[in-house]
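Before I ask anything, let me first share the structure, which is written out below as structure tokens.
Just so it is clear, A, B, C and D label the chains in written order, and each chain counts residues from 1 on its own.
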Amino acid sequence: MAPVATPFFFYLLAATMIIGGILVITRKNAVHSAMALITALLAQSGIYLMLYAPFVAGVQIILYAGGIMVLFLFVIMLISIERTMKERQFNHQWLIGIVAAAALGGLFIAVYTRGKTLFPEGRLTYAEGQNTQAVADLLYGPHTGMYMFSFEIASLLLLVAIIGAVVMAKKRI
Amino acid sequence: MVAKFKREYGSGVDPLTYLGQNYMVVDRSLIPEILQILRNEEQFDYCVDITAVHYPKREKQFDVIWILYSFARNERVRVKTPIADGETLPSSVPIWATANWLEREVYDMFGIKFDGHPDLKRILLPDGWKGHPLRKDYGILQQDNEWVQINLGIESGQ
Amino acid sequence: MTDPKTLSPPSLETHVAAHDDTFLDTNELVINMGPQHPATHGVLRVILRLDGEKVLGLECVIGYLHRGVEKIGENRTYAMFNPYVDRMDYVAAVSNGLGYCEAVEKLLNVEAPPRAQYIRVILTELNRIASHQLWLGTHALDIGAITPLFYTFRDREEILKIFEKYCGARLTTHAFRIGGLQYESYDGFEQDVKNFISFFKPKIDEYEELLTTNRIWLERTKGVGVISGKDCIALGVTGPVLRASGVKWDIRKAQPYANYKNFDFEIPIGLNGDTYDRYLVRMVEMRQALRILEQAVNGIPAGPIMAKVPKVIKPPVGEVYHSIEAPKGELGYFIVSDGSTQPYRVRVRPPSFVNLQALDLMCRGQLVADVIAVIGTLDIVLGEVDR
Amino acid sequence: MGWLVQYVQSYLDPRVTVSPGAAGNVFWALVYILLVFAGVSLGVICMNWLERKILAHMQVRLGPMRVGPHGLLQPIADAVKLLIKEDIIPAEADAVVFWVAPFIVVLAAFTVFVVVPFGPAHAITDMNIGILFMLGVSSLSVLGIVTAGWASNSHYPLIGALRSSAQMVSYEVAMGLAVISAILMTSLNGFGLYGVGGPDTPGIGTLSMIGIVRAQEAQHVWFLFKFFPLGLIAFAIFAIAMVAETNRAPFDLPEAESELTAGFHTEYSGFRWSLFFLAEYSAMIAVSSIAVTLWVGGWLRPFPNALGGATWDLAFSFVPGLAFLFLAGMTFYNVRRMPKHPFFKIQTMGLAGFGAVLGLIGLILFVPPVRDRVGDIFWFVAKVAAFMYLYIWYRGTFPRYRFDQLMKVGWKVLLPIGLGVLILTAGAGIVGLEMAQHVTH
């Protein structure tokens, strides 16, 4: 597919993401924050699409926006909103905050100015038709499947987390 | 059964029959004991109804009536006790669980209080109701008039 | 969430104890259901205390339909009060009328002639079927099956047509008079009833086809709202609910009134006392009602339809309690006469009112959805609960 | 203007057989978006009328009869009523979220149609991740439902929303497993009921909706029948899960009328409520399209093997036109049955007009170029319509599940079966490949 108005969509999505991110931390109402986060996540998946990574974009939607955020909302809805509205939102540790932000900003600037050698030049893209297959090949393929073991480790870790959550939530089993 | 009651309680229990239906007039003081015996020893395990009748001209204004049924004997009996206005009765909720709402209704309609009832309050009428409508001297108009006076600002709705 | 089936059904002994410690639980959610709610069958208000979706306890608030029927009775003559009783359980108006007329007849010490008795039984049993049909339709609707409602209403129509032809009214029929009947049965009455019997027999199979072996129906009703026979008796619960809990007691058999002793029929009982058993018991009751109808309609004797009753009814001083097996349970009339033309006191012992008391016990430990099922299975009519 | 003409011409070229999105054809993509939007809305309207009529006839009633002949205009009357109703926002509600929630639901319900393939060239676009995109976006609608329930600031909607989110998240798992086993089948050519093909058929799997149908075409088997009965079981799991996913009977707990009055949309009225309604029905169409695409061969005509060959292709291409002519015939039969009273004159004329329109459509469908172009759309829509009928049938037949039973069905029944089917499908496929290779060596 020929890309259409790429810069426009990039800036649109990026702006949506940044505004969403700011809203997440500034909204007092937790549900509003969660919705802003969802917006940011969806914009992010749009950017993945623009980067010719449709599989990652799809997973982003189905897992983060559709799955995890629903559970977030699920929990938030059960909290008393009235009480959380009264709680102090920021803990006034300006100094540490500024230092951390400055360090991160410095890192970004450093990468932007001098990091050209760190990244390959130009876009590294697969043809769209085979993109998902390429991801699969990279993960499990017979020749390049070097991530099989780490993938299984990750799933085992998640299984442990699930069992742990059940044990903690259930009073008696 | 009748003979036994007669023997034990003498004039406190007055067993009668009208139109083939047995009932007994029991003295107020014997009520807890008699009901207990009827339930436990005579197997009247089902309390059909509890109700009252108001006789304003009598000294003991109310007749409170328990209608009982025994599954084992397939027999009904009514226990009736005359009480005066303001006099209380022991609650029979511990004996028959069903007495709960029935006693509340008697309280609601007649203003007869039952001691030891778990939650004695009005059941059919709203909580703010004044008076007890099934008493013979209950005026139907007063409530109506009060309502229109408060809510509509007129003297009478009639 | 705890599986409600693993919970032992609550009994009256634990009832009071559970009241205190669960109600202090801070996690509970209090929900008000009704009086305007599609599944409370009228204006019943239920205050539910929930832990998640599990019912910790509930309280019924009733009286929204209170019309003071008993007070009205004291201010009307015996004959004038007769139509009022139809307005209590308006789905089973004929049964109400039968109980009242028989109670007054007892007070007068007269008995309706045999022909009147037969027609009374026919109409009452037809009304029992109509009442059970209405129950089935609404109960199934509460559980989410919408189609049975229309089937039962379609068939109930046939009964109402017979009522209409007989006395002109469909719902609040006022079919009986003290001492017998006002109207002779119309031409073709027997044929209509016979037609109905042959029409309705396959219809019951049709209802059962829709529900009895439906997996979802079984899951929604089995083990739901269990109540033991012992608790039923203690709570004064009567009618199909009592029978479904295994107590074989029906006033038509235990203390026969009208001329039920002449008819051959069975009393169905359930084993588990759950919603499914109550469903089955009522289904069998409809079939049994058809059996009674068959016998009655083939045996209507000729003769007068009114006993000798004075124009102005003035029973002697005295009191009488008479009860009949209404579709919902024991419907009793306690009438005190002071010798005047008006009853001194009319007490109605409504089955729905007393049965409703068991709701709390039956719902404990169940889920919200089960409360709906249990309200439906108790088959209450708020007109009768509140009177 | 030249580019426009070029676009139009480029599309009218019969050799173009890809969707406009895949071809990078912006103009036609926009036209398709509008057409699909209009088509789905029309489908919802038809579905509304059909559901009422079919359900009514199942329940020995007539359904709408007053507005228009046989109530044909009833959905329009209802839409007008809903649009002019007062829009109430409860005083204690969170107004912004309350306002946004229905739009999220509608957005999610309609966005999925971007990848629905009504035909090899009749899709807005062909995404490489088509089915993943559909599942992902349709799962977003739960966000709208949850926020709607929360924003109403009332107990019943909140419980409805909680039920709904738990239900949808749970059933997505079973649904996903069933979908994965269908996706596996796109790459596997083993034995099976109709398992011809053989090792020279490309063995690359795909997530693309069009690719999935093409795989079924190439393998000469609908995935419903592949690896019998594995495909059938996976399809059954999906068919159950999709009913739960769209909150329809017997899984309509979030809006269980007898328990929660109306569930998450209790506090909504008028236009906002109608958006939920629209979303619910278009979501039903969307999930049915997934089922059709994955298991029932999408736009392919039925009996590709038993009644194969060019002659039968030609014969089947007449079916759409015949179907419409049949409908027109039924309509005219009913025109004749209309009462002759002058009261019914307008109604009769309206019905006759409706029949004439149907007949005209039928005739147009016989024109060869049209016939070739829209046969695929017809088959797709017919299959989706069959699923829609199932939805109505369920509603007329089943009581409602209780919440814990619903969860039990989802987690303890569908999920294990789904996993088993997935493993068996993979195993069967691998064995089939081995055998196929063995044969060729």
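Heads up, the rule we're going with is that contacts are C-beta pairs under 8 Å (C-beta built on N, C-alpha and C of every residue); 3 or more make two chains touch, one makes a residue touch a chain.
Values in this document were obtained by computation on a predicted structure and should not be read as measured data.
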Longest centre-to-centre distance from subunit A, chain (CA-based): B
Gap in Å, rounded to a whole number, between the CA centres of subunit C and subunit A: 61
Between subunit D and subunit B, distance of the C-alpha-averaged centres to the nearest whole Å: 65
Geometric centre distance via CA averages, subunit C-subunit B, whole Å: 24
Subunit A-subunit D separation of Cα centroids, rounded to whole Å: 31
For subunit B, residues that touch 2 or more chains besides their own: none
Overall pattern in which the protein chains touch one another (line/ring/star/complete/other): line
Every chain pair meeting the contact rule: A-D, B-C, C-D
Touching residues on subunit C, where the partner in the complex is subunit D: 1, 3-4, 29, 31, 37-39, 53, 140-147, 149-151, 154, 210-211, 214, 216-217, 219-220, 367-370, 372
Parts of subunit A lying in touch with subunit D, wherever the complex brings them together: 1-2, 4, 29, 31-32, 35, 38, 54-55, 57-59, 61-62, 65-67, 69-71, 73-74, 77, 128-129, 131-133
Footprint of subunit A on subunit D - complex, ascending: 21-22, 24, 26, 94, 96-97, 100, 125, 127-129, 132-133, 135-137, 139-140, 142-143, 146-147, 149-151, 158, 161-162, 165-166, 168-169, 172, 204-207
Touch list for subunit B against partner subunit C, complex: 18-19, 21, 23, 45-49, 51, 53-54, 65, 67, 71, 74, 76, 78, 96-98, 100-102, 109, 118, 122-126, 133-134, 136, 140
Footprint of subunit C on subunit D - complex, ascending: 55, 58-61, 155-156, 159, 249-250, 252-253, 256-259, 261, 395-405, 407
